[in-house]
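Dumping the structure here so I can ask a few things about it.
Chains here go by letter, A, B and C, matching the order in which they are written, and residues are numbered from 1 within each.
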């Protein structure tokens, strides 16, 4: 299938020269990134640099106009079947949780497995309860999202994405709408997930998470990756001046 | 502590005085306005009450109560209408038991509605001189009330014991209820228990309620589709829906009812032929009016539903997409349930409006509640009883609208919807 | 490289094709339905020997119109009859809107006062009107009340206004001087005389719509937080100034959209004038339809007129809303 010779077959996500325009505005300017299976990539950068736009193109919440995106050997094109397949392999967690408020926690989690994967109710329910166990809120299954704290909601959102048994998880600033103690709860779950070998792309400015868990950190500016490398190196000796400036602001 | 025993009445008197001062006599001008208001009130109420108790000939209503209720519906089949009412009691009981058992206000409102409905069958048995072929009609109103409350309570009892999953049955039960009623009222065959009763014989409150119910049920899906179409990304679909909605909302209902009466039949082909079967398609006048009302109401429904759709955050759509739901699943499972719940009170308001608007079918010569009123006034015996007749008609409309409005204001949606 | 791949997507799986195909299918269905229905319509009209077109307009109408602001006799033509109806509708709508606003404002403010009696009166009036169909109210008002007003010889005088079952006479400017109406034998002399029908439709619409407008105004004022008023008072404005300069401008922004829709409702509702025997646009049109059988043309024209009015009003409202919002920023 993918006859790309720049990266080995083992790459889970391959983006080559991805461009995106919003009308006239050039939001992504030739992003090239390859993520290996089991790799955890953290994406950082100033506001408006295109981080969200980038990870949203990976599961087609936004359409890219130029370049190639290949997820697990499937290229993202206008082919509806490919889009469906990629979406069911890529889980996404949003900054604002986006739980379905009219469904209980359990229904939120079982909805997609039952409707998209055609799983029966018992099995979906069993998996959902296991996942709630894993994100450490098994007792909240029958509550509605509105009755949970922000941290609990975000963990339900993670469980909901995991219920589709994705091969890749995308996180778009999952903790920036949360209070400090809740951030900790959510990060613990994300660390567990990373340790379990999940391929992850996380847009986050949590330095500790990046330092301890990420295999690689990408620094975005003005619609492109300006610098990329292992966290230890990028944080201690950033080469690009934009990176230096940004890090100095974030580290005070 | 003698004083404390004497105090309460005193404070009470003082607080009444204080209430009077604060609410009626804050200043001299305020006092004058109050006096003026009381004079105005009395000068309106006293003559009206005097008239109603002494001069008014309420006999016109009492003697024609059956016409007001069901029009010329054949008396031997009237029991079919009452079966509809009893079924309604049962379904209401079940729904109350399953959905709203904590909401006493709603229960009380539903009960009131039934008490009123219960008085009608009783009232119908008043012209006792008539020979009655069917059964059921002569039962005194008390029996009807007992029957309805029993059925309602039965439904409630069953529902209260039923498992939570039974909730899913309530929707279908309501959806099924209307066709069942329609069959009961209209009949099926040329004779037998369910002999056909032509729509020219439907009348009075029965016809008003039938047109309202059909209008609600038909305009609902149509309105939802139009609302979705208006938000569609496809320019052609969007333009079409906007055109329809704005056209309908821009013209008076009466023009649409006339169009339904005069032009709708012309849109049908002269003959329809399916192999050996060939017939001349016709729609009777009641159905035409129902079509007109539905087409009209759909445009308003669409705008109300659109209001709900606009309030669904973008994140909900994105989360559904990210989970891999199809466009249809996204709409039916995620977006519409939330949007519709948001606009339930507005939709109830619109349905009340629709109920009131059905009175316009009088102008295209149908004998709904108001139309029957006009025919009653033509009886030589009751010349000059316009006030009595129209006040009675207005009172019926008022009670139904007010009770429905009161229910919708009290109705608390299941907690999930009101949150977030 | 990617281009060659993209061309290989089968068309039934290409999301871009979906949009195009869906729209093409939609257009085809709509046009097919239109052609089918319109074809049926034309052949039905042909069968009934009803021509289509507006050639009937200049022919003699032959019916009388009781109320007219224009020159009209039974020998005038359909077009003139139609114009009479149009003017009547315009008069009823515009006068109705002005009066309904005045009474609506009074009702709304009455509902807001601390005075228990007054606010209760306003509430009861509103609740009665809002739960009764307009048509029922109109026929009750016309046949139950206006018909039963005193005979002209015993006409009620409310200030300079004379009220009787033959109509209502109001003071009016005649030849540059104010003319007060008086009863002379069996007719009114001087002033301007509204026929019972005109009076019934106007007062009926006003009484009915004022209740709705009152609700709009009450809700609009209540939507303004009390803090606004208190802040204004704290800044040293008097009570009246605070209301005029701070509360009212804000309330107006909330009130104007629903108020406009009430105005449009009143205009559309004036098409019920036939119920009280007043010859408005629609009631004259139905007479013309009955005489000529030209239902399609007449309904289309009347709908067109109402639609234009509504659309123009909406356009104006959008413009106004945008203006208000700009000032706000």
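Methods note: a contact is a pair of C-beta atoms (placed from the backbone, for glycine too) under 8 Å apart; a residue touches a chain by one contact, two chains touch by 3 or more.
From a predicted model like this one, the values you see are computed outputs, not experimental measurements.
> Going by the touch rule set out above, what shape does the chain contact graph take here: line, ring, star, complete or other?
The chain contacts form a complete graph, every chain touching every other.
> Consider the two chain pairs A-C and A-B; indicate the one with the greater count of contacting C-beta pairs.
A-B
> With centres defined from CA atoms, tell me which chain sits nearest the overall protein centre.
Located nearest the centre of all protein C-alpha atoms is chain B.
> Between subunit B and subunit C, what is the gap in Å from one C-alpha centre to the other?
Those two chain centres are 25 Å apart.
> Need the CA-centroid distance for the pair subunit A / subunit B, whole Å please.
50
> When the C-alpha atoms of subunit A and subunit C are each averaged to a single point, how far apart are the two points in Å?
55
> Using the touch definition up top, name the residues of subunit C that touch subunit A in the complex.
Touching subunit A: residues 1-2, 5-6, 9-10, 13-16, 18 of subunit C.
> Touching subunit A in the complex: which residues of subunit B?
313, 315-316, 318-319, 321-325, 329, 333-334, 337-338, 341, 415-417, 419-420
> Hey, which residues of subunit A end up touching subunit B in the complex?
So the residues of subunit A touching subunit B come out as 59-61, 84, 87-88, 90-92, 94, 96-104, 111-112, 115-116, 144-147, 160-161, 164.
> For a test of understanding, state which residues of subunit B touch subunit C in their complex under the given definition.
Per the touch definition, subunit B meets subunit C at residues 22-24, 26, 30, 33-34, 37-38, 40-41, 233-237, 240, 246-247, 249-255, 258-259, 262-263, 265-270, 352, 356-357, 359-360, 362-363, 370, 374, 386-387, 390-391, 393-394, 397-398, 401-402, 405.
> Under the definition above, what is the set of subunit C residues touching subunit B in their complex?
On the subunit C side, the touching residues are 19, 22-23, 26-27, 30, 36-37, 40-41, 43-45, 47, 114-118, 121, 127-128, 130-137, 139-140, 143-145, 147-148, 268-269, 271-272, 274-275, 282, 286, 289, 295-296, 299, 302-303, 306-307, 309-311, 314.
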